[in-house]
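Okay, got some structures for you below.
In the two complexes that follow, subunit A is the common piece, with subunit B as its partner first and subunit C second.
Presenting the complex of A and B:
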């Protein structure tokens, strides 16, 4: 499915959602989002700070969207800067220092796709310089930095959107709506995981740049799996629970990639919400069999958000004729039992489930999120709900690492509750 | 090569057989609905299953006919 098709479905879906009270206020006004001609007339000019792999990924999506122009690109690594400028057809102005870019007056907003340790300082500087900001997840490297970013938004009134693209993914929106309507009952447990089988390394062309290029592997730059992957899924869990985790405990280690990295190559967490329900989370990079998934469980059913499927605890019975034929088949072909069953194994229910969203989407929400950010700029409308989501997800991810390092249960600090 | 002649009588007989099998499948559907206490709308919604079952029964009937034919064949030759 093309981006245009995904977009049309998103608009239809969001139009339905805005009719209710649940999600509508979180999103830009879709009536204007849908108006391409008007958007072209009000082109949003953006600067990219950090045109590495993630920055380039975002630029690829931005290039699909009418009414957004990238006028400046900044990166302190020359190959990335050159590539970034090339992706704009050579039109964008190039900068090595983001502070120089922030002196420009013809830019409406900036997109920050730098290593995690720079998110807070660049975001705050950008907001204070009068720019709207889209910053990649996770929000920041410490809870204090997250709070400082949140306060900078309050102080400046500018838009601050953090890159949790699942909030713009039609499949997730549909699932959120169904869960909110109570189709799973009260959510009693969420299980989420993100498994890969690679070393998470990038090629380092020059000596001395190992830490700058493979920044995800070192504590000075990154918080590892918890912020790079976990924060996405914690955000989804928080949004579903309409809460944030009050306590967390877990383990983590380097158990496979003994290659000089510092961050854990596997993490295993238990987060507890205020109602006693839990998010059980794990991430590893030495086995990719299960991929990634969020499993939402309640007394009425289960949802797998990545697979986009729902499994009812009490599925409707099969048609009578099929049950009858099935029984006949079992009577003929099943082996005769020697005695009555004294114990039935509680193995997983073999139900195929139903798709919660039939359409196969090409976009994971990133392009829609970019378009949403541009529209928020046009409307000068900040979403506090989306920012709080990112804030609590980031802090929960960071607390996870703290719990692992301390080897104890960590409680969400009072001073960081908004 | 010998021409095969399909007589109207044979077609009529096969159509009757098919009708009987279809009605049998419909009855099986009714039994399924009653026995498993499912909805009567399945009389319509499960028609595709009824048709498939009819064809299966018809194929089964042909198999039985074939077996009978193979068993009887030596006796026929003897009588001739």
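Presenting the complex of A and C:
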């Protein structure tokens, strides 16, 4: 399914969903999002800061969306810069210093896809220079930086959106709405994991660039699996719990990739929410069998959000029983049918689960998130809810690493509660 | 009128419960008690759980006295009683036997004849004094499939009585139904047994008050309208499977009796002795002619 088809279905299916009280006020206006002609007339001009692999991934999606133009590309690594400009058909202006890009006046917003340690400084500089900002997750490398970014948005009033694309994924939105309606009951436990089986390395073409290219493997640049992968799933868990974790404990180590890296190649965490429920999280890069998943559990059922399935603790009513209930409600005294054509004697019932969302969309939410960011710029509408989601997810991920390093239970610090 | 509906998986199938004139909290309490009782029973009787008490008994009781819980002892005693009552037609001790044609063709006739000699509830000895059980055949395996849901429904009935619930309808996979009291808009619970080839064609309506109805069948009709034998109904006296399309329904105030005898009469409609007390009971078979039109035959 192409992005256009995907998008059309998203717009049809989620117009009511996001227009409701649950999420509506936090999202771009879906009706406007649908209006290509109007959007073309109000083209949003963006600059890309960081055109490495993630930046290129975002640009691939942006190039599919009418009404967004990439007018500037910045990277301090020449091959990435060249590739980024090439992806705009050579039209974008090239920069190797983001501060020079921020001097431009014909840009509405910037997209920041740099290593983690640069998120805060570039985001804050961009906001203060008057730009709307989309910054990749995780929000920042320390809780203090996260808070500084949050405050910079408050001071400037500009849009600050962090790249948690699941918040724009129709399957997730549908699941959030079902959970919010109580279809699983009170959420008592969430289990999430992200397993890969590779060294997480990128090819280094020149000596001396190991740390810049493989920045994810070193503490000066990165917080490893917790921020690169875990923050996505912690954000989902927080949104479902309408809370943030109050305490965390866990373990982590390098138990397989002994290749000079510094960050853990496996992490295993337990987060506790204020109602005593928990998020049990683990991530590893030495086995990919189980892939990645978020399992949401309550007394009425379980949802697997990546698989897009819901498993009820209670099976669907038997057809005959449904008819009986309907008859009682309408004061009808008809027989309960039994043993008819559809009846299979003595057959065990297996719960195979139901699909949360009936349409299989190729987009994981990234393109819709890019389109949403552009629309937020057109409407000049910041979402504090989405920013708080990113803020608490990032700090929870960072506290996870602190708990591992200290070997202690770490409590969410008072000074970082918004 | 406050009607409450609850359901859950139990005993390998689906339990649906419709409670009349109860509030939500009372319904939750009822279902909690029922679930609790059924979970305990499943841990005793399930043959799908390798650590159930019955599974362990099946592994250990050959030539060895094995002390068991009161629930399991009563279940095995019940099997022996119905084995005698039905002249060997109800035989819960032949779990290894798959019938003459074999459920999946794995058993040869020779295999089955060996199994016939060394299995069966007739080779089970129970000792009332120390509540122990011993198997005298090396292939004796008790299968709770023919009586487990009846025992479970009896427990459900006891919960409803102890909670003072007058009117309710409980269904176990729609093959065993307990009708307590009456329908909110009538004087009984009407339950229709339909013909399997004709959609919504009622073969017989049972009028139930404080009774259970169990319906056993030899197979089902697939989406193309073809009858598919399930190959799990066989005469334990011969090993022959019953593959013709047919259902038998048995109505009784005792759900255990209803479940066991609906299957027994499916195998042999003449298996009950003349002295069998038929008061308050009904049994009928729905059979089919060559054109697959149903014919209802009263049995009791």
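Keep this in mind: the second predicted complex is superposed on the first by the 382 of 418 C-alpha atoms of A that agree within 3 Å, B and C clash if a C-alpha of one lies under 4 Å from a C-alpha of the other, contacts with A are read in each partner's own complex, and residues count from 1 in each chain.
Just so we're on the same page, contacts are C-beta pairs under 8 Å (C-beta built on N, C-alpha and C of every residue); 3 or more make two chains touch, one makes a residue touch a chain.
All values reported here derive from a predicted model rather than from experimental measurement.
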With both complexes overlaid on chain A, does A:407 touch subunit B (first), subunit C (second), both or neither? neither
Given the touch rule stated above, what does A:317 touch, subunit B (first), subunit C (second), both, or neither? both
For A:332, select first, second, both or neither according to whether it touches subunit B, subunit C, the two together, or no partner. second
Residues of subunit A touched: more by subunit B or subunit C? C
Touching partner for A:276 - first (subunit B), second (subunit C), both, neither: neither
Regarding the shared-chain residue A:208, is it in contact with subunit B (first), subunit C (second), both, or neither? neither
Contacts of A:89 with subunit B and subunit C, given as first, second, both or neither: neither
On subunit A, the footprints of subunit B and subunit C overlap at residues 317, 320-321, 324-325
So in the complex, which bits of subunit C are touching subunit A? 1, 3, 5-9, 12-14, 16, 18, 20, 145, 169, 171, 173-175, 177, 183-186, 189-203, 205, 213, 215-217, 219-221, 230, 232, 247, 249, 286
Along subunit A, where are the residues that touch subunit C in the complex? 313-315, 317-318, 320-321, 324-325, 327-329, 331-341, 343-349, 351
Within the complex, which stretch of subunit A touches subunit B? 317, 319-325
Which residues of subunit B touch subunit A in their complex? 28-29, 31-38, 42, 45-46, 49-50, 53
